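Just so it is clear, A, B, C and D label the chains in written order, and each chain counts residues from 1 on its own.
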Amino acid sequence: MSLSNLFDGINAPFLAAGLVLYISAVISGEWYFKAPGERVRFRVLVAAASAGSIGILSSGNWLLFVFFLEILTLSLWSMISMKEPRAALVYLLSQLAAAGLILVGTAGVYAHTGSLAIGPVPEPWRVFFMAGFGIKAAFPLLHFWLPEAHGKAPSPASALLSGFAVKTGILGLIRAFPEPFAPLVLIGTVMAFFGAFMAVFPRDIKRVLAYSTMSHLGFMTAAVGAGSGEIAAAYAFSHAMIKGNLFISAGIVEKTFGTRDIFALRGSGRLHFAAVAALTAGAFFAAGLPGTASYLLKNSVISSLGHTAPWWQPFMLTAAGMMAAGYLLNITAPLFFRDNSKNGTPKHEEGGNIIFAVLSVTILLLVIAADSFFPSILHAFRVDTGFTPASDKLEAFIASAAAGLIILLARLRLKGIPEQGLPDIKICLSMDEGPLYAFNRVSGCCHPGRLNTFVFVALVFLVLLMLTL
Amino acid sequence: MTLVLAIVVPLVAAFLIPVFHLARKTLPVSLIGIMGLISLSASMAAAYAGWFSPEVSLLGGWAPEIGIVLVADRLSSAFLLITGIGSGAALACALEKFGGGPWRFYAIFFLLLGSMNGILLTGDLFNLFVFYEIFSVAAYLLVAFSMSWQALEAGLKYLVLGTIGALFILLGTAFTFMATGILNMALLSEALVSVPRETLTAISACLVLGLTIKTGAFPVHFWLPDAHSSAQTAVSALLSGVLVKVSIYALMRVCFLFFLETNGTVFLAITVIGSLSALGGHLMALRQDDIKRLLAYSTVAQIGYILIGVGCASAAGAAAAVFHSFNHMLMKMGLFIAAGNVSDEKGTREICKLTGLWKEKPFWVLGFTVLSAAIVGIPPLNGFMSKWFIILSSAGAGTVIPALVIAAGTVISAAYYLRVLSAFVSPGESDQEDPFKSSPRKVRSKIVSLTIVGSFAMFCLALGIMAFSPFSREYFSSIGRTAVDVGAYVGLVTGR
Amino acid sequence: MSLAFMVFLYLFLIATALVISAIGDILSAVITLSVFGILLATAFAILQAPDVALTQAVINSGIVTALFLVAFSQTERPPCYDKEEEKEE
Amino acid sequence: MITLSYVTSVIIFCIGLYTIMARRNLFKTVLGLALMESAILLIIVSSGYIPGGVPPIEPFMGPAVNPLPHAFTLTAIVIGASDIALALAFIIKLQRHYRSVDLDRIRGLRG
């Protein structure tokens, strides 16, 4: 563990992102939490989380990496459980599983090479790192925890989760797979599209943002798989800024109007412009319109795939990028252009106007600054974006059209879908229904309390021992 | 001489207590405390002697081929330390809870202490069996000591299964003796090399089965949750923290000495047992409603971790197993003492009824939290480090599945310990009383138990940080090297 | 000692063991255990272990059987007597 | 003759094990334990047997059989008796609670 590790080309974007995010989380936490006890707890937890983050970035071996990852996990778990203990439990268990997998992989690497140093992972142990960091970075099917945790955490904690905690998975992937690695490209492509698709449906703003995070993580994973870790790191920085803003401003909206349901929020922009402005601005930058950093980076990711990639991979990534504009429009447009008079005006908190205005403008300025200076920041990180649209114009056009079509179709169907969006795979995890419950019923028979059975088991055990030894 | 004293002093104490009882009906607490201190310092002296200069004492001056040998090397010393600390803590808790009243309890306790030291120090296979039987009888009696029907049933089941285990150990000893004609473990480790394959199979199957039953690993674990959950608090802590470790020592000693060079499959079997045990223990703990039973199943799982370490058949694995044994002693004793005390005061052991404790007794809950975080394997604590060492040695031995089982176990154990903790911190139930609930007893403030829990929690934190320093890691790995170095042990005993 | 006698002895041992295992009445089983112990002691004596045979005869056939009988008599009492006993406790 | 002893003791051991597994009466369980223990004693004693040897008691009148098995058979007998005594004590106490010595009814602890 040495501080010199902090400032290499990969870590610097993460460090910068962490710095901004932790400061803004502390500031917004002061405003978000009303009870003094909660405020103190949040401050302490942010301190612990930032200590863990610094540790992650500066650690030179995998063991310390996992060690600090778990400290970060624990403090975030505690933050989430301030609001939703159940979602926090799912988060904690999934992250512990991830850490355990990475630990096993690390042990394997140590047995293989005799060193714990962070670096490329030899062949047989890659799967553990992929699974472990896959849970952290929410690979498809391993993402079960993400919508829950991001959607239900307090907003400052969501910002940290989406802005930094999931990025540690990307950081680990960059470190473990510095060379091009085709499966990651495949996973990243699927993930980007899947996340974007799932983000179209929910009415809960934070849930949309959660799936959007998954989609962006897909872009980063694809970049890692293509072997260009610098682009992934730069993407992570940009995305951390934008998501930090979006989640915090979603928190402002929630606090102001008492709801996150986009149906109930219709027309709220007219009532309270300052509260909604930050969200809209963030959405504008996240949508990846030409001229923003997101646009630049998405294209860099697509071009980094190179010409060897099968045709559908850039196609799907382009579509996912286009769909980002669609789902963000889904959650921002109704704020201004719809009238909600028939549902009555949403709850409107008086007296906080100035704070909201200052906060939102500050965040807005921060994002604009980050975005407009982005090319020079990239230069400072020694990243060569090498912007050359890899996919030809026709393919990009078809992809955009397909994305638009999907969004349109989804919009038409939106009314029939529950507030939380399409059903996800988290049912597998719940105790009340699902495999765990079934197992619970079966394991009840494992200890019958009958002495004869015990002796019989011992005898069977003896026979098995005799046969194997 | 120190080695003999470590066995004889507790036995003398066990004999003296009934004698004192004849003079006075209630023994003074200080008397038993002093006896305990003397006995523990005798075993610590043996541990000290064995750690810095491995020591052998030939009883009665007979040569090792004929007579009984007591040996103390670093492995024995480490386990002497574990049992010393653990039984000291249990004795303190028992003295605080019972006072000097139940003299039988203390007599059995000292008998147990003496026989444990005997198991840890003996170098003779049959002598091991004899001490093991004294130890087991004392353990059955301690389990059944409260004479409640749960305790009696658990004691009887423990007795029957334990006796079957002991019979298999005896059978293994008999086979060994028939095959080689010697009982000294050091000489046996040389003689068993030339024993035919089939005989060796029978010997190893009998010994492994017997010792596994005594250890309480998964397929034959049935007595363990019953006994650990039915006994009184101090006894549960003693059972889980100390007695299990003694069985693990016996398993380690026998397997490393006899089968390291002759029958490597034994270690594969131990790894399989350990993995099963870890998985089964955790999964069974997940569905428990009784807090002590949950902790008992958690012990089954932790035994699995230790056995995975033993099954690596390497110095690193043995060191990790010893380190985890030590950590588990600290963690599980603290957890049992904390859980026993809060459930005694609440008058119930059901987890869902143990609510509102964070308001009533924050220190107990805090201690429980730290210790359960340690046993789950949360980073700055010792559980994480010992788990990491076991995973590392398991991967080093070329098997990944045990390591994955440990990783899965972390997740499951986090789930069930969090359930307990969330019950503790949730607001207490309203004033309406459950008519079937036994009335909460008025209990004296348990300052000694609380101190023990607190210091164990501190110890967990300190060990977790210490494990990073190469200096302390060197100490631990020296235990492992001693455990697998059969040649040095043989040389020590025979004087060659 | 002739082999035939040994075979006879061992067959008888197995037979008593089977009786102990199979018989429904506990009292008969306990008494058979005593017989089994004596037979085993005889076998020990023939196997040139007179010291073991003595101990076996005294402990296994004598004390253990007596213990069994005591335990059996304790558990087979009329229920009214049992209730009184419990009140005392 | 030694082979004969071994075969006998294996059979008795199996009968004891079967008794423990198949019988529901607790007394039968303890009787099974006693049988198993006796079988092991028989194995140990016959392992020390030398055809034509004499008991290991002075003065020796020929080749003495190995005294070590006898020493530890004696110990094992005493240990087994103590185990059985303890088990019987538990049974008496348990019978007061359950009013039965039937193993199918004595299963309050399970799960």
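To be clear about the criterion, contacts are C-beta pairs under 8 Å (C-beta built on N, C-alpha and C of every residue); 3 or more make two chains touch, one makes a residue touch a chain.
Owing to the predicted nature of the structure, the values given are computational and were not obtained by experimental measurement.
Peer 1: Between C-D and B-D, which chain pair is linked by the larger number of C-beta contacts?
Peer 2: Between B-D and C-D, contacts are more numerous in C-D.
Peer 1: Could you tell me the distance, in whole angstrom, between the mean C-alpha positions of chain A and chain C?
Peer 2: The computed centroid separation for chain A versus chain C comes out at 73 Å.
Peer 1: I'd like to verify one number: the distance from the centre of chain C to the centre of chain D, where each centre is the average of its C-alpha atoms, in whole angstrom.
Peer 2: Roughly 11 Å, centre to centre.
Peer 1: Taking the mean of the CA coordinates per chain, how far is chain B from chain D in Å?
Peer 2: 28
Peer 1: I'd like to verify one number: the distance from the centre of chain A to the centre of chain B, where each centre is the average of its C-alpha atoms, in whole angstrom.
Peer 2: Comparing mean C-alpha positions, chain B is 44 Å from chain A.
Peer 1: Spell out, as numbers or ranges, the residues of chain C touching 2 or more other chains.
Peer 2: Residues of chain C touching two or more partner chains: there are none.
Peer 1: Got the chain A residues that touch at least 2 other chains?
Peer 2: 444, 447, 449, 451, 455
Peer 1: Any chance you could list the residues of chain B touching two or more other chains?
Peer 2: 157, 160, 164, 225-226, 287
Peer 1: What's the complete list of touching chain pairs for this entry?
Peer 2: After working through each pair, the chains in contact turn out to be A-B, A-D, B-D, C-D.
Peer 1: Would you tell me which residues of chain A are touching chain B in their complex?
Peer 2: 63, 66-68, 70-71, 74, 85, 89, 92-93, 96-97, 99-101, 103-104, 107-108, 110-111, 439-440, 443-444, 446-447, 449, 451, 454-455, 457-458, 460-462, 465-466, 468-469
Peer 1: For chain B, which residues count as touching chain D in their complex?
Peer 2: 126, 130, 133, 137, 140-141, 144, 147, 149-150, 152-157, 159-160, 163-164, 166-167, 170-171, 173-174, 177-178, 181, 183, 225-226, 229-230, 287-288, 293
Peer 1: Over in the complex, which chain D residues touch chain C? Could you list them?
Peer 2: Per the touch definition, chain D meets chain C at residues 1, 4-5, 8, 11-12, 15-16, 18-19, 23, 25, 27-28, 30-32, 34-35, 38, 41-42, 45-46, 48-50, 53-55, 57, 65, 69-70, 73-74, 77-78, 80-81, 84-85, 88-89, 91-92, 95-96, 99, 101.
Peer 1: Quick check: in the complex, which residue numbers of chain C touch chain D?
Peer 2: The contact residues of chain C facing chain D are 3, 6-7, 10, 13-14, 17-18, 20-21, 26, 29-30, 33, 36-37, 40, 43-44, 47-52, 55-56, 59-60, 63-64, 67-68, 70-72, 74-75, 79, 82, 85-86.
Peer 1: Which part of chain A faces chain D closely enough to touch in the complex?
Peer 2: Residues 444, 447-452, 455-456, 459.
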